[in-house]
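What follows is a pair of complexes built around subunit A, which joins subunit B in one and subunit C in the other.
Now for the complex of A and B:
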């Protein structure tokens, strides 16, 4: 097969570019510890509200027995429930999320909280918010006509101003 | 001793079951439930719905009553409401007793028959489309009504109800009931969170809009 020498040159250049990009992704993934949240855990999305962990009165911010914070959220067309959560800065927070209907994602801009929420699976991600302030939590996987309305509020308060999860809420979290 | 521990455990687990809040609805749209609703027979439903028609029939005599029209409503929505009336998720002085006498198959039959009836054509003309219907209000986290209830208020799967062809008075009462929390069979408070942020004026506006929509 005859290939024009100029064409051959460009093929090599573009292949070289692809190789460079793949290499840089692989390299940063290894050196910086970048990886997608890889928690694989199944859940029945259709009957989420009848289950245990994602029952309606179990959602929100909860203090675990070991003192760590856990946020249980449900993504549904078109919102994250509960709509508003408050968490302390400089504290590891574990998000556990599930979708009621279709593929969603949760992303808090300017932080490294970002995960897909796949129906049938529980998404889990642990992160720390360094800066107090009001953040939006957005859906960044197209989920339907109301996708651009799917967002909720996350308030990060300074660690010293954090008074803990309300006592009543904590009681409910105990089995 | 062992019997005593077992008894104590039973009592305690019973107590904790009471302490945990009831889910807003016991219905989950699993394939089995969806198939059951689909299997409803409209012909049998028509016979069973004869007594429903007294209050819910689309007739001039019923226009001023507080009872909703059911014609053209989604079968899934009707089925879930009947189940919620029966199980107590949507307590009602009249409907709880009626639904208690219905079997799952009765509910599916009736739901299928009503869903196949022509929606009621309202006499009022269609006014301006309220902003909340098309754009919502992102500052208050209110999604536009139309994205879930359909561009013409026709309802959408799985069980988002039809709004057009409904009495404006019923829509208003329903929104107010969601707002006050008196009605609470919406999973994850999806409708309550939205209704809580609506002012009484906005509720009036939306009810009149959908009530006059063809």
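Now for the complex of A and C:
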């Protein structure tokens, strides 16, 4: 088999380049725990309202016993409920979401808060928002003819101005 | 089948492909107009999603499958110098695929199958849509089988000889397609069809998405391989040079086939039903499959350089100017490679395990695949059509300059369409929306890009219609073409002795089997042990 020397060099360059990309991904995954949302956890989507976690009065922003913040949301045609949440900047926030009907996906533009919401599964993603401001949370998986109107509001307030969960609750718990 | 009849058969495939393409381009322009919101009177989610579903199915399944089948028959008969094996079987396959296309088109156009070309459950379409799509795939299996039988017969009749490169690649594509389509076939047969027929009330969405992901990645290589075949065997000859390396070309096709298959989970990076480890494994494979594309880029550019220097080009870049830019095949290759470089860069971002979350399901994604699929791949389909049309119809192209105008306009239109589309994605715009008003500050920033996309769409539609016009005009009015023989490029260094593994597929099929079991057995198997909830059907 004939391989030109220049071609051989290019093969090495290609392998090196791809090797570098793969190495940086695998390294950050292992050492920093950088993974996309992937907790394989099932839920009965038909009776969310009866369950412990996704019942209507349990939704919204909650402080966990360890001080971390958790946002519990339900995705349903055509909105994310509660449809307005307020969270502090520079604080790790864990979103847990479930769908009552079809496929949806949640994305907060300019951030890495992005997950599919698949009926039958709980989507969980933890992230930190560095920049305060008003963000839309947009549904970005086709879920029916109202898909383009499926969104809700996320207000990220500066950490110092965050008045705790109770204040956020009042605004947010009613869908 | 006589030569004449075989050519007619190939032309029939191409016309189905290009008719689907032209119709879908009209829908494409309607879509960019509708979503921009500048004409309130045409705003309608129901029409928009019927249109996008039809456009996606026509482009991704009908145009490609028919083009690939027609091209495959042509490559097999001309490179092996054999008639099509079992003509009635081939015709049956063609009619099944065409029947399936019509069967799926009816509910699509009536708005009864607005489930998009990915048809993710639990949103349900009319059962005819699923039946039609299944028949299209079944018809293509006839083609794949015939390609493999022809390869086998040729090898039996020519013991120890090297399979011609175009046929080797074509057979690799047939094998790739058989493996690829198993995923969606399982989803259709065991989930979607029984569910749409009412035999099953609920559907396991996680399993369905996993099976679809099996198909969704390698299918893009099924579309791409004809373009790569043209890069390797037509472009060097058209430029007046030789193929830089026959062996490395084979290695590239094998790598695409082997690594392209077990990596579908990069479509599920942010899905909750698969665990991180599996996604990471598929992600690594996704980068591995970039290697054959890097090799292809090198070989094509090197082959072009050899040709440019032979034509008197000097210096580091002088050979580029010396290339025959007016030759449609050469021009297409240059434009197509340019789009491949940009699109490949975007693809690396998509493939990046974590970076993907920034662009997942945003407008970036259709921007990306229009650039690389509607751009890189389809540009080479155009070039193949221009090259083969005189050989197939016996008529000279009706004009020497119109094809170059058409190729340039497609390239420019694609640049105008996809650049803003990528930006919109970075600005967070979701894909698959019929309306861009969300009443937030952010979304106001989208408007100018929407307008640019309309301009791109109009240029593309004009280019598409020009393409169809050239083919039609040539076939009906062209002057007699004396040269009906196809010229496949000769390698710079003739192949003297080839290891058996570069001349057949036995080993590679076994490697694929092992890789598929490793990458999919547990992720698919888990659904049979997991206590998962399956929803019932939803309308849209």
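Here is the rule we go by: the second predicted complex is superposed on the first by the 131 of 175 C-alpha atoms of A that agree within 3 Å, B and C clash if a C-alpha of one lies under 4 Å from a C-alpha of the other, contacts with A are read in each partner's own complex, and residues count from 1 in each chain.
Operating definition for what follows: a contact is a pair of C-beta atoms (placed from the backbone, for glycine too) under 8 Å apart; a residue touches a chain by one contact, two chains touch by 3 or more.
All values reported here derive from a predicted model rather than from experimental measurement.
By the touch criterion stated above, A:3 is placed in contact with subunit C alone, subunit B being left untouched. Of the two partner chains placed around the shared chain by superposition, subunit C is the only one that A:21 touches, whereas subunit B remains out of contact.
After superposition on the shared chain, subunit A has more residues touched by C, the comparison being subunit B against subunit C.
In the superposition on chain A, contact of A:110 is made with subunit C only, not with subunit B. Contacts of A:53 after superposition: neither subunit B nor subunit C is touched.
Contacts of A:151 after superposition on the shared chain: both subunit B and subunit C are touched. Touch criterion met: A:40 reaches subunit C, while subunit B stays clear of it. Comparing the two interfaces of subunit A, the one with subunit B and the one with subunit C have residues 44, 46, 144-146, 149, 151 in common. By the touch criterion given at the top, residues 45-46, 49, 114, 116, 120, 122-123, 204-206, 209, 244-245, 247-248, 268-276, 279-280, 283-284, 287-288, 290-291, 294-295, 298-299, 302, 348, 352-354, 356-358, 360-362, 427-436, 438, 440-443, 493, 497-499, 502, 526, 530-535, 538-540 of subunit C touch subunit A in their complex.
Interface residues of subunit A, counted against subunit B in their complex, comprise 44, 46-50, 55-57, 59, 74, 76-79, 81, 83, 100, 144-146, 149-153, 175.
Against subunit C, the residues of subunit A that register as touching in their complex are 1-4, 6-7, 10-11, 14-15, 17-18, 21-22, 25-26, 28-29, 34-46, 101-103, 105, 107-125, 134-136, 138-149, 151.
Only residues 16, 20-21, 23-26, 28-30, 136, 138, 141, 143-144, 146-148, 187-190, 193 of subunit B touch subunit A when the two sit together in their complex.
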